[in-house]
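Before anything else, here is the set of structures, which you'll find just below.
You will see subunit A twice below: alongside subunit B first, and alongside subunit C after that.
Let's turn to the complex of A and B:
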């Protein structure tokens, strides 16, 4: 084990230890937000791999999460398996869908690929998640209700055992994040980055584009699906609304906002996506200097748009990426050594 | 022993035959050169071998493996590596990482063991890293190992590309214009590097380049393509003097003597220059394509820019017309400093740029295209003079421009330029992809421009035709102007112009064995030669002139004739 790997493992453990304590003492609403934040963070993490590492655009990451959620919900509600099995099933189905979606990416890139994935998101949103023909998969208009679920023999369900679900989610997130950081510096990661920088050169230098692009799409979908498959557990049911088209677009926007090449930015973005709207709806109304005001969820959407424009001008490498390099600069100005290297953590 | 065997390769793009039953053999350990004028099919052949283009018929064999339809990454596995003309390094990775990717892309490591950091992956990682360091050491790139590839200057990036190709442990390296964007000194260094690489890594190479000085210096054997057919093959020294090859590069020799043109040129000499370019430098990204360009165009004058591909002619035009931003120097047009001004503003001053590919709108009719001139000129323009000049366009006035033939499209572009009543028209590669008869017609139109008092700056690959019509010419070489002078003088000395295409004439002069009678030296010629001769050769020439007690010009003329005789 190299010292760098030790450092990373330590980092993941510390992150877990710190984040695990945060929701303690808050009400159920905030505990739900915390768990939701991790689910969204998985979605953003999937974009760190797909867009940040491999340079592929996808506007259907919420669809992968949704497929994971519905598969897990179906497995638990109709087959009554342990939730662990449900999660594995969700991940596998999402992976398979990711590989299928990756097929057009073998030929397309840039804006055309974005539009194709957007189309896939639309089709799943409208004609699968909301269609009667797929009731066996979606559980009908009401969706799947997950009242009681066990994982590793532990009881965890939405209302009373949210903390347990949150901890399992967080542990998984830290683990996947660690693997992704490792991947970046490894041979496969370099091949991914080679595809991002120049596909033609990558193919010429012996990188099998078909294999690595499909793998990237599959792995990315699996990561999004892993987060999504916990959704029925956390929310108690599945519905199409959280996984609609707009969530996919929000994933893309917030991933860029926070820094699409950086793993910790995914956690930051997840928290942003889960907490800010809730805080706005809770405390976003009242009176200020005699004037009544109300800040609704719509303001969150507008804020994301405005922030994105500001970020692209002021922090082109994303919030995390630019803050990180600023800290680095300050440190090297203070006399610390270290050459310029692209890192992800 | 034959390593790469190409047989009867044919490639068609639509109706155009890019390669016509081309065959080629490359022996083990050989550096093979592939040259030819623009549009000859070099790149197509190169792309067939590297797998970017699929041939229609024919076969490519590499060490008894068929490469004809093998996917790109499969060729890498067989030991065929390549570099890229337009630098395709992975810019956000370090130089070292750039070398490791091809090494372990061919190994047996897998994504999951890498992510889990299994000991097996770590071991392979260390081995790759050591080998990368060794290759970088040989190519004198050690100190850049941890630098991001995108941050390096273009010259170094070329060397890293070569290092990356070598990291694949290839048996054959395909080099796509490795000298593009390098100056004469860097090119000379590259030649040394290529020789060293062959010795240290035991690789064969296929070299495609416009830079004849490199090809002549490095290659064991040279193939020449022209119009998709193999025109000639042989040792570099034989190719350099092959009359067919010279003709292919310079276009057919013209019979007309432009006596009347010279008088016009003389008459215009005193006027203040319309366009004055001094010390201009420009480029793209990390590549500086042109440097220290000085040229002038006087009112009503026709000036030609000739020279090998990649010498910087097009870039010069783009920098003048404001399509790219000059990095240094000054451009003055009609007494106004227009350096770095926008293309729109410059065209308003009366400088029209017809770019390569003509810059037309394929979905507009001929008439609408010409009417658009009113828009840019800011006044109502009568388009009938255009139809008077080009009666063919009158017949086709309602046809969409995109459906016209290449020659007719060029006529539309020229007509559009004339209607806006410019003071200077810059035409880039007017004759590209056109049949010789059409080209002749178009050159007649250049004379019409002159009669209308419009100055013309031409970039042309048909050297003979261009020199026919032009008053003066500039010969571009390695991003600077190698020689310049009245077109008549340049025409009368084919050898000099040929030298700029087929490797430096001065090189040839220095190599050729010399003795014989004295010749009378033309001082103008001597001046032209003196611009281009490297200091070392010049000293040698002067020494010899001194020992033989005759003018240096005489020695040069004699040497040049020797080259011609061979």
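Let's turn to the complex of A and C:
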């Protein structure tokens, strides 16, 4: 077990080292995408915990991220705290909201939980994030502007220090991902998976359903909120648009598409969600056979929808899950062949 | 008093809208076991087809009723085709899967339809809705002097008519019985000789038609753009849950109740988002307190 843990820590470090170098040569737009990719990956990671481990469906993960973003923005713009404090505040508020959202989940499962979380996402999208009754929280129509933020005493803001923000985000993501991978086999992780497989059986075996379901929702919301609370730092301001209902739906769709049970799939999905639309809109125009064409952002969402449908029909375990099982099959087939050769010799 | 009566009228026509949207959801859920999150988006897309025919392609010399008729016809034909396409291309292949998987597939449908519409028709708000009845036809209630448009009455009448018509169709015709049998258990229904594939196709076609009809009737009353019709899904789901995802008349009643509940607070609170909160509270109340009957399938 300890050697396995060492292996995983090493894996996380190598992943961090590799990913940290990638955006160095990018222009500002792609550097922003890289930071955004980690933020979205946090949102997808929160679904890995909630749906992949605990089996609870949620269509309001972007709401948690948004609450984290607005809390952090409010803390920095109005109280002028260190950004680290703002992030902690964002995570705490998101955790609290997650526990509250988890309350109805104690009685609900499956589709009905999807309906309720969809309603919550819509209420936050249309009411809390956009209504002037909540201007103290959302900073009015302009949102909170985060010009000069510091973290650990270092200057970090969107215009000049994007890479620093990206590195902090990435380090945190690797840490949380490592924790989640280890959670899978831990006592709490086994209880979570017992709830996923059968709530009744889990309760019979003495799993405290109330505690572990609320914990799962709170932790999941905290993970999404952690990503979201970096949004003001990366983008320079907060607005309702990135955290609206359709982002929540995209989170659910992309998490399932990439493989909702696997932690690395979240990183893959985050990169997909941040880079693909930007690459499409940036390079997707010109002339083809005499006709001018332009690929807009809408094509990305169409692709997500269609890919999700195809994936659910053809590859139920998601892109990452399918790749993983293929690699394992190939490896065991190779092993079998090798074994036979030894026998012959 | 007059204000109260006016708000009641607004609430009732809003309720008619919710009922219409919810009827299709209940219909599809009862006959195919799919909770269709894309219902609003399907209606929206068909409505934009009708809108395109009405404002884009109809000839200015045609009489108004002819363009309206052709537009609605085009929208409905498109809707039927879309329902068939979804059944054959998508839902036929996932019939034996869990309800949650099917619901997530409809989210994929929602995303694709929503973006396809905003790709074609952009994110503008269109202020040219399709009026089935002329806008000038207004009827004034003698007691409270409140004007009621013919379009509001049309919505309420169509909602009630569809609820009882579809209910009777499902209950008394042999094809309706076949549809209910397939929804209960496709395997045993096919053992009894029910043409399962045909039933699925008709269910989706019918559900899509109801979605299109609802959305076309709704256009005079809401900000007619690509998202607002899609997002109507949450109010429709609330109404459908009041009906327990099973009962069509109760769904219509639920729609009217929700419409009134969402309208009365606007006397005091001016907010676009507040009605969504009302819908969410209704959903939570119904789900937690009452535990609807349709749940036996939904909770799996």
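Structural remarks
The working rule: the second predicted complex is superposed on the first by the 334 of 345 C-alpha atoms of A that agree within 3 Å, B and C clash if a C-alpha of one lies under 4 Å from a C-alpha of the other, contacts with A are read in each partner's own complex, and residues count from 1 in each chain.
Here is the rule we go by: contacts are C-beta pairs under 8 Å (C-beta built on N, C-alpha and C of every residue); 3 or more make two chains touch, one makes a residue touch a chain.
Please read these numbers as outputs of a predicted model, since none were measured by experiment.
Superposition note: with subunit A as the common reference, subunit B and subunit C are in steric clash.
In the superposition on chain A, the chain among subunit B and subunit C reaching more residues of subunit A is C. Look at A:183: by the touch rule set out above, it reaches subunit B but stays clear of subunit C. By the touch criterion stated above, A:289 is placed in contact with neither subunit B nor subunit C.
When the two structures are aligned on the shared chain, A:204 is found in touch with subunit B, with no touch to subunit C. When the two complexes are superposed via chain A, 189-197 is the only one of 117-125, 189-197 or 261-269 in subunit C with C-alpha atoms clashing against subunit B.
Touched by subunit B in one complex and by subunit C in the other is not one residue of subunit A. Partner subunit B is touched in their complex by these residues of subunit A: 1-2, 5, 179-180, 182-183, 186-191, 193-194, 196-198, 200-209, 215, 219, 339-342. Residues of subunit B touching subunit A in their complex: 50-52, 71-73, 75-77, 81-82, 84, 88-94, 97, 100-102, 104-107, 109-111, 114-117, 121-122, 124-125, 128, 146-148, 151, 164-165, 167-168.
Subunit A meets subunit C in the complex at residues 57, 59, 104, 107-112, 114-116, 118-120, 122-123, 125-128, 130-131, 133, 245-246, 249-250, 252-253, 256, 296, 298-302, 304-309, 312-313, 316. Across the interface of their complex, subunit A is touched by residues 35, 37, 90, 93-94, 97-101, 103-105, 107-116, 118-119, 231, 233-234, 237-238, 241, 271-274, 276-277, 279-280, 283-284, 287-288, 295, 298-300 of subunit C.
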